[in-house]
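Several structures are given next for inspection.
After this come two complexes, each holding chain A, first together with chain B and then together with chain C.
So, the complex of A and B:
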């Protein structure tokens, strides 16, 4: 990088008057070096040397003894997990920077129109102050699969239950011979009959809340009466007989069918009793509807192999959107009010102003945010480590993550890891050139 | 840097007061942004509430149920945390590394930035462009060689080792930021001091450093947050003397059953950067803007 050639001859530097004291070799070399030297030393040891050493290391085997030329890269590009890592990197780059920039833009524009703008800014900005590891922990709690633990699945369950409510019983078996194993009454039933739908295999804690002593149904003409109950009491009891201490099952759905068609349905009361009115003749069949036994919604497996990448990206968006919003907001504030006023006076709608004036004027800021995010996304490590359970790391991995995993998680594949790091650096190279070019004029 | 300070007048710069219709049109907007804000708060609230619930309750029902049973709240987890030597040691390590890796890079970068801004020396422009180029080098690029180097020099698992690594990786951005800020100091001021016979060191300490204080403050806060929140460096270059985030990494394996350790420690470790952020928010935003917009 810098070549501070000690002892060289330098032409006199032209300075603005008044003329500086005569330029001594001390001023020319030692003085700047005393200021710049310590930083240069650290940069050389920790950045320049390792960058070169890593590329060289990538040409040696994992133990660093044998020169293997490009074998590590060969291995890399035929490795299934590296393939997944590259695929995931592409997904990250395709989704995250654009989403962050767009959300940041929209929220920055909207935020200008509310009275609590600075509070909103702080709220969205806070995650940026937290470690990405803690962010991972936060989202891992959100993503827990059990709807009784994970907030996201709890929310989905509420919506899900509106359309398909869970049944009152999840595990039950017919007791005795009256019911088939699909809970259909084996014998046809007629008006004036009673139906005793006996169930067993229900754990005490699974009995629906509010259940009361089961009541033996009384036959009534023109009606079919019945009971659904837990045909069990401590000590056993008689099968198929409603006894004291046996509880009815409230909330069970009963379907009445004739010639295969549903002609009525009823819900059981707290004692498990139900009644079908206005029934005549015989030849009915009856069943406890399957909805009674429908299992509750188990929650989406966010941290399973197929959803873990989008799940981690969402957690990343949570931390990054605030940054984008604040930076874009500052750019927005710098836009001249006159320009917007002029457009408004010319009769442009708010959306037209946004599209034709605001966005083009913000383009430099948007580009900076977008590019910063692209670079940030390539480096993501902590959040993947914290969110992805061990079993799906192979599915959640990225190049930066895999580089670490191969080298340091006990695998000690240092040659392979160095090859991944070198490849990663290659991806950063266009950005490096872009940065150097854009800063050169400042130098 | 000044962009951040431009206070934003609301868009309605027209003199006519809003009609009722316009006022009404703002209701959906406010509701929408309120929902967005809620989406941002809820996940973090989940961590906090989980951290004050006994383990069996946190594992049996959702943390949001605490609002119907506030009596379940306990600070037992936090008491256990402060009695847990691994965690307290990790917090102590984090504090030391953060202090060292903030003071040192700010100091070294100030020196270097001064040289780049105000001392003419051969290769100065190349040096600046080099610094800009080094801003791009990812940490992953250095881990393997530094890991072997540290093992040879007995710097592995030491606080100086972590401080030096963080310092070096902070330097490119720090030098870049400070150099641009220092370069903005009026030339007349510098010349006047030079005529008065001030040497470069005196100039640095008496003129540049005081004037550069806002930028140095922004950089310092930035660096505190960055180092305090580090996971990758501590996880790779230390084993027993690890900062807090890597210290918790092992607990992830049994996430559910270790929640009573992970949640309070994660929350506590977030409180410190959050407090610093809240206190010095303005500087932080300025630093951010200077780093990204310029």
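So, the complex of A and C:
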């Protein structure tokens, strides 16, 4: 078969002597093989054999001893977490490649029109120089929920606190039964009564400065007297009783209410004491101003079950857009200026030029970027591993991640893992076929 | 032509693979007969210890060399000794000794005949270890392993200043721990720090509560999945956990987003700690090393995991590295016997970062009070059990059990639902 295909060409091309030297079997078989053989060998050992072995492995049980037909695939498609993984893969594919290509295109075009373009390019390209795992580590910190740790939440907290600052005593709790959870006195009081507004849950260092020993209020006729104090001393102390060593809370504002209406307000002194003058009758109640206790902004749960996938995709975009921009920028540079000039002379607007000239001319490059990203996104793994906390791995997972987790994270479910890998391979096929075809077209 | 050569290449590759594979079955050496004459020779040993731990272990080996100048020990470390051993055994060339991270692996190797019994060391081991540790080293009535290094996971770490501000002392029972937590909250502190983003911190808490609440016998049954996770003992233990989980205003931050190192640094602060207590094992200080300025005793301290209903104040759940004999030679016997002696353990104990399960190790050799406390609790525990999730199949013990308890942390009211989910996942995990 080989001799016919090689020999067949010669009679047509070479008609005249000198006749071709007799082709030795060595030249026929071994010489070409010595050229592409090493590549073929490497491909076989590292790609073809593993691919076939993986598919075969998927038909055996986890220990690799028993042939189980398609049981692993059955297991795979009846597994909730695999469903989440497939769903997440779909989200990734729907969002990431398109966004990367579009943002890359926009940045590349804009880049042509600014000064300091190279510096700008370098900055955008820089994330690509960081391994995806390190990118994950960086973004995991950025996304931390605790505003003391996470950059993003720290920023939001600053903005949030401008409008609704946290209360000075945000950690405080009512002590005993006198106050409700909203710091309203539960029992109505009358003129001549005393009000003991006991608080706990306040760190000693959080007590406003200048606080003095709390003073037990004395009843006075025509007045309501009271005290707000930190009802705690080491060991707990007696609840609702002003004891020695317990400090008053100065500067707290108290509202006096009657029939749900505010009829007066007072501020506590250094010992936590306050007085309402000129009251008569009964049916009063009072509350400590709610703003005092307003909880601080706790941070958005970026890496919680609902936001973790978009959060990781954004981190991925951060690295991928730079690459897309540089590749598309190179394509852009290759477009002939004459075409653009001609369009401009014909009176096309800049946007029309972009849409009707630049983009169509760039199409091959855009497609390459898009397809590369598709493949990159299908196999996304390390960035998920680095960003998703253990508690949301089941929510953030993708097929590639699940393949690793089932087989290599210590679970040793190799049959299962191989089934996932085979399924992934199937998903890759359309892109591979497309790539091969477009390459053949170019050649 | 293309097709022919492709086929040819595939054949070449396959033949090559077969040749490589067949090299695996090299001949095994017969074990040398033991002799009581002056021992000499070379011993090879494999363990997980590297870095500072590796240096400490080499110091232990130097102590051996002093006693047996004619024996040379070749120590090799491996990040995954089990995998390295599997390959070495297949190749017919295992090391003389290896330290395995848990007794389950030892049992596995014993079942395959890869490890040799160490009946000769029985006396030394019985003298130096409490009965639980001897039992864990025994398979089918034969002693196979010596526990050289242990880990105590039955500890609770606390911030000294928070406790002092609140006027509370380390609690001895679970109910007084809950009261202590309330008092801490009233003092303005946040009582608990929970590293719930890492599921294993939750399984450790569960195991500590379970062994005290249900007793060691049930603990063993549940470890083997011989009783279901829907058992009343599991549910009542989950109820105890819920007492902590549902006290949300007393937990620092969002526990599901708090990883283990953060849960430690929350507590280990010289001032303004985010929480007062964290449940985890003797390795907690190393997680905070270099992250905070907190000093032992002055800023943080430790107390044993409290008893439940008056039981289990001295129970310990934890881990241990067990040294096994893979290739029997007189020199290997000498080394494993040496490792079972208190003298060997004391060399590493002195250097720190080490808890010995050997009960005859002199507590005074530990470098500080904290290690002394956790290490002696380990060696003197009236009951010791291995971390249950480490013994379970990985699919359950290192994945599904994590996410189930994380779901429980999110919704601590759902005791029946979580128990049912745990049982469903355990059934799937233990099947293989």
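Heads up, the rule we're going with is that the second predicted complex is superposed on the first by the 296 of 443 C-alpha atoms of A that agree within 3 Å, B and C clash if a C-alpha of one lies under 4 Å from a C-alpha of the other, contacts with A are read in each partner's own complex, and residues count from 1 in each chain.
Going forward, contacts are C-beta pairs under 8 Å (C-beta built on N, C-alpha and C of every residue); 3 or more make two chains touch, one makes a residue touch a chain.
Keep in mind the model is a prediction, meaning the values are calculated, not measured.
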Touching partner for A:241 - first (chain B), second (chain C), both, neither: neither
Partner chain(s) touched by A:70 [first = chain B, second = chain C, both, neither]: neither
First (chain B), second (chain C), both or neither touched by A:413: second
Partner with the higher number of touched chain A residues, chain C or chain B: B
Which superposed partner A:171 touches (first chain B, second chain C, both, neither): second
First, second, both or neither for A:134, with chain B first and chain C second: first
Touching partner for A:98 - first (chain B), second (chain C), both, neither: neither
Touched partner set for A:403, first chain B, second chain C, both or neither: first
First (chain B), second (chain C), both or neither touched by A:32: both
First, second, both or neither for A:90, with chain B first and chain C second: neither
Footprint overlap on chain A, where chain B in one structure and chain C in the other make contact: 1-2, 5, 28-29, 32-33, 36, 40, 45, 48-49, 144, 149, 389-390
Contact set on chain A toward chain C in their complex: 1-2, 5-6, 28-29, 32-33, 36-37, 40-41, 44-45, 48-49, 62-63, 144-146, 149, 171, 173, 175, 200-206, 232-236, 298-299, 301, 303-304, 389-394, 405-406, 409-413
Chain A partner contacts - residues on chain B that touch it in the complex: 3-4, 6-11, 13, 26, 29-30, 32-33, 36-37, 40-44, 46-47, 50, 59-64, 108-109, 111-112, 114-116, 119-147, 164-165, 167-169, 171-172, 175-176, 180, 187, 191, 194-195, 200, 204, 225, 228-232, 235-236, 245, 248-249, 252-253, 255-256, 259, 262-263, 266-267, 269-270, 273-274, 276-278, 281, 284-285, 288-289, 292-293
List of chain A residues in touch with chain B within their complex: 1-5, 8, 10, 13, 15-16, 18, 20, 28-29, 31-36, 38-40, 42-43, 45-51, 53-54, 57, 107, 110-114, 117, 119-120, 122-134, 137-142, 144, 147-151, 154, 318, 322-323, 326-327, 329-334, 337, 340-341, 365, 368-369, 372, 375, 378-379, 381-382, 385-386, 389-390, 400, 403-404, 407-408, 414, 417-418, 420-421, 424-425, 428, 431-432, 435-436, 439-440, 442-443
Contacting residues of chain C [partner chain A, same complex]: 1, 3-6, 8-10, 12-14, 17, 164-168, 183, 185-190, 196-199, 249, 253-254, 256-259, 262, 272, 394-395, 398-399, 402-403, 406, 432
